[in-house]
Amino acid sequence: MSKRTVELSVATPGTDAQGNPLRVPIPASPADVDPELGGEHLLINLGPQHPATHGVLRLVVELEGETVVRVIPHVGYLHSGFEKLGEYRHYNQIVPLTDRTDYLAPMSNNVGVVLAAEKLMGIEITPRCQVLRVIACEMSRIISHMVWLGTTSIDLGAFTPFLWAFQQRERIYNLQEMWTGARLTTSLTRVGGLMADVPDKFVTDLRHFTETYPDTLDEIDRVLTRNGVWVGRTQNIGVLTAEEAINYSLSGPMLRASGVPWDLRKDKPYLGYETYDFDVPVGEHGDVYDRYLVRLEECYQSNKILKQALDRLPQGPINVDDPRVILPPKSHAMNDMEAMIYHFKQVMEGVKAPVGEAYAGIENPKGELGNYFVSDGTAKPVRWRIRPPAFINLASISKMAEGHLLSDLIAINASVDIVMGEVDR
Amino acid sequence: MKHLQTVDGSDSWLTTKAQSLFEWVIKTTRLDKAVNLSRANSLWPMPFGTACCAIEFMATAASRFDLARFGMERQAFSPRQSDVLICAGRLPFKLAPVIRRIYDQMPQPKWVISMGACASTGGIFDNYAMVQGIDTVVPVDVYVPGCPPRPEGLLYGILMLHKKIKGEDLFDSSLRDEHLLNDKGLRLDPETIDEISEPFGNSVHQFRSA
Amino acid sequence: MNPSANALQATFGNAIGRVVDARGETIVYVAPAKVRDVLAWLKNTAGQDYNYLVDVTAVEYRDRERPLEVVWNLRSLSSRQDLRIKVELDPRGELVVPSVVDLWAGANWLEREVYDMFGVTFTGHPDLRRILMWETYAEGYPLRKDFPLRGRYSRSEQVRQALNVNPEGHYSMEELAIADAYDELPRDMRDRLARGERDKIPNSE
């Protein structure tokens, strides 16, 4: 049997100057340590069916005692062939598919895909449609962050914020149902407009929501932000510096928590975001705690944007006035020959896009959601590529978790805010 | 039942009483009822949540719709301690061996609820990556349609399962049969799987690329 | 038009093919042999600073005569400029391009996905294996145009193949730290790994 010197040490929550976890050696005399002890790494498997992996994610973790030496995520357990399906669907038929990718923020996905299609076809939407899409995006941001908050607190041991967060989600679900008819799979947008206009009750109910929602956020803030357990479990965990975050192509709150002040709504504005008054929270340390603070503050800011959007909601049509792109109203289609022909062509053949390609990125709650369409002149795209923020953010988990404890790995995994529908598409 | 007979060949008072007690307890299904009631009213779900339906399942478990009133708030994340596997969400082929293994790990009596269109038939995903209904992989008791089903819909499905359980015969061992994979490595015949996975409906447009 | 396109043409001359400027986006076609130099130049040169890789993907057209394109979407955060670099490959030939994982770490999983969906090999990638489908997936590369929507095999065959995959079987060389511990592995495991049988778990003795 070969002799091996074994140094036993345990990781502590503190960090040294380089940001590595401080390890404290365990003093032991060579006589009483079995040479086999401490030499073997344990390989454990978390998932794909696991309560803390936020979906069907599989983490293969190499452990030295309780410390993570390496973690390798396996994805693809929810791969549904979206991009292949998109090549067999008209542009408007792709919109229901996008509900199912990031199912926590469906309206935001719907907006993202039609922005790319409209860029490809060169369509300018109406002012009312712009403001309504901003409302849709910010509502989606709120519900996505509420799921994130609820599930992260469950992972770290606090059950009650989950119930509070989901109660707020129910209020937004009521609004989504009022607008689109569906709680979750909204299919809100169409190329050139929206599926339907908001009913009057929607505006009053949403205004009431924006007035009472910050109270729940304050409650959650009071319970978590200065809570010893919460802070102890999230500070200095999963640190990524700004350079690393940029190199790993992170986006959204993951990028901003590491100190990079990049937000597509401010830096590459779309849907008139440059005209709204809101702040973008940027973190400092790039740890789990900063990501929590960034997301919590984003909820407050989304509320602020919703109030402004409701105030400035203009009257007017929601759909562009182009019968080749938008279905004419049934009354016209049944009475006017030309409208009937337009209706027929759109339903049977779809709207043909010009040859070319277009990429449109939006600030999804998870990060930069990009839709890339390549068209060959037909009504179905040649290639539909979804640039998935959660997929790219998740790849950094192997970097973030090295040297941390197994329970920290759960916190880090929660902080990435993944939704497997988007990771795997 | 062995009859004690009196001297003149008729049944003794004791045996007739014992026989009618036996009949009263078991054959009028009082024991059945008690067991089925306790099974149905505290089904511990194994939430095999994959996609959007899992979010609606979570919403059903949350305060507004509340699964706790049906005794289901204790969600078993270990299949060894669960009663009903609720497959909430779509099942790609990569996940098929996983659900099969989870199903095999569950002890009898067990039931399966297929929640949503994707779990029941493959849903909108009729492509290379998606299992066209989990009943090709595990046996299903209740199918809940919807995309996603509303929480009320899921609750209706759960109540339907309750009804099914309450109608079960306690001594019917065929209900508790393990449906293992056959020698072809499948649960059903290949012809049956192909038949139930076929697309239906008139539209061929959905398979034409431009 | 993104000024980087002119700078590229000035620096790399013939290696730069056509430049397309449409819908506010700049697309530069680059010769496959020089694409690695072009991408490194774009990242490392002061004044270009394309430090953010937005996306790596591939496009295959329905017209069989058109080439298969591999697309890199780059972004310079400081100047807020986006640039798209494309390389054209013969769809019927070998699909090989260099990997950029050492330039942008985010390319790791993105390149694995392009390999999985299109069969494009990225030379220099540390761990090029399938990511969305399982590693022993035998039907082909799903996003190619000659791959039918519902897959090549019948549904029962697809179910059978899926169920036969051992859910625990997918460990890569990296995960098992083979390189570190090779000498200490049992003989039969070393033989198996040498034969490339990574997904078979042997019966316990």
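Labels A, B and C are assigned to the chains in the order they are written; within every chain, residues are numbered from 1.
The criterion applied here is as follows: contacts are C-beta pairs under 8 Å (C-beta built on N, C-alpha and C of every residue); 3 or more make two chains touch, one makes a residue touch a chain.
What you see is a predicted model; the values in this text were computed from it and never measured.
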Looking at A-B and B-C, which pair shares more C-beta contacts? A-B
Compute the centre of every chain as the mean of its C-alpha atoms, then state which one is farthest from the centre of subunit B. C
Subunit A and subunit C: spacing of chain centres that average the CA atoms, whole Å: 24
Could you state the distance in Å from the CA-based centre of subunit A to that of subunit B? 33
In angstrom, rounded to a whole number, how far apart do the mean CA points of subunit B and subunit C lie? 42
Residues of subunit C that touch two or more other chains: which are they? 62, 133-134, 142, 147, 149
Multi-chain contacts only, two chains or more: what residues does subunit A have there? 76, 79, 81, 84-85, 88, 376, 424
Enumerate the residues of subunit B that touch no fewer than two other chains. 94, 98, 127-129, 207, 209-210
Using the touch definition from the top, list the residues of subunit A that touch subunit C in their complex. 41, 43, 45, 60, 62, 70, 72, 74-76, 79, 81, 83-85, 88, 119-120, 122, 244, 246-250, 260, 262, 267-268, 356-359, 361, 368, 370, 372, 374, 376, 382-383, 385, 387, 391-392, 394-396, 399, 424-425
Would you tell me which residues of subunit C are touching subunit B in their complex? 62, 133-134, 139, 142, 145, 147-152, 154-167
Can you list the subunit A residues touching subunit B in their complex? 48-51, 55-56, 76-81, 84-85, 87-89, 96-97, 99-100, 103-104, 147, 162-163, 166-167, 169-170, 173, 183-185, 376, 378-380, 420-421, 424
Residue ranges of subunit B touching subunit C (in the complex, touch as defined): 93-94, 96-98, 100-101, 126-129, 131-132, 136-137, 181, 184-186, 189-191, 193-194, 197-198, 207, 209-210
Using the touch definition from the top, list the residues of subunit C that touch subunit A in their complex. 22-23, 25, 27, 51-55, 57, 59-63, 71, 73, 77, 80, 82, 84, 104-110, 113, 117, 130-134, 142-143, 147, 149, 168, 170-172, 174-177
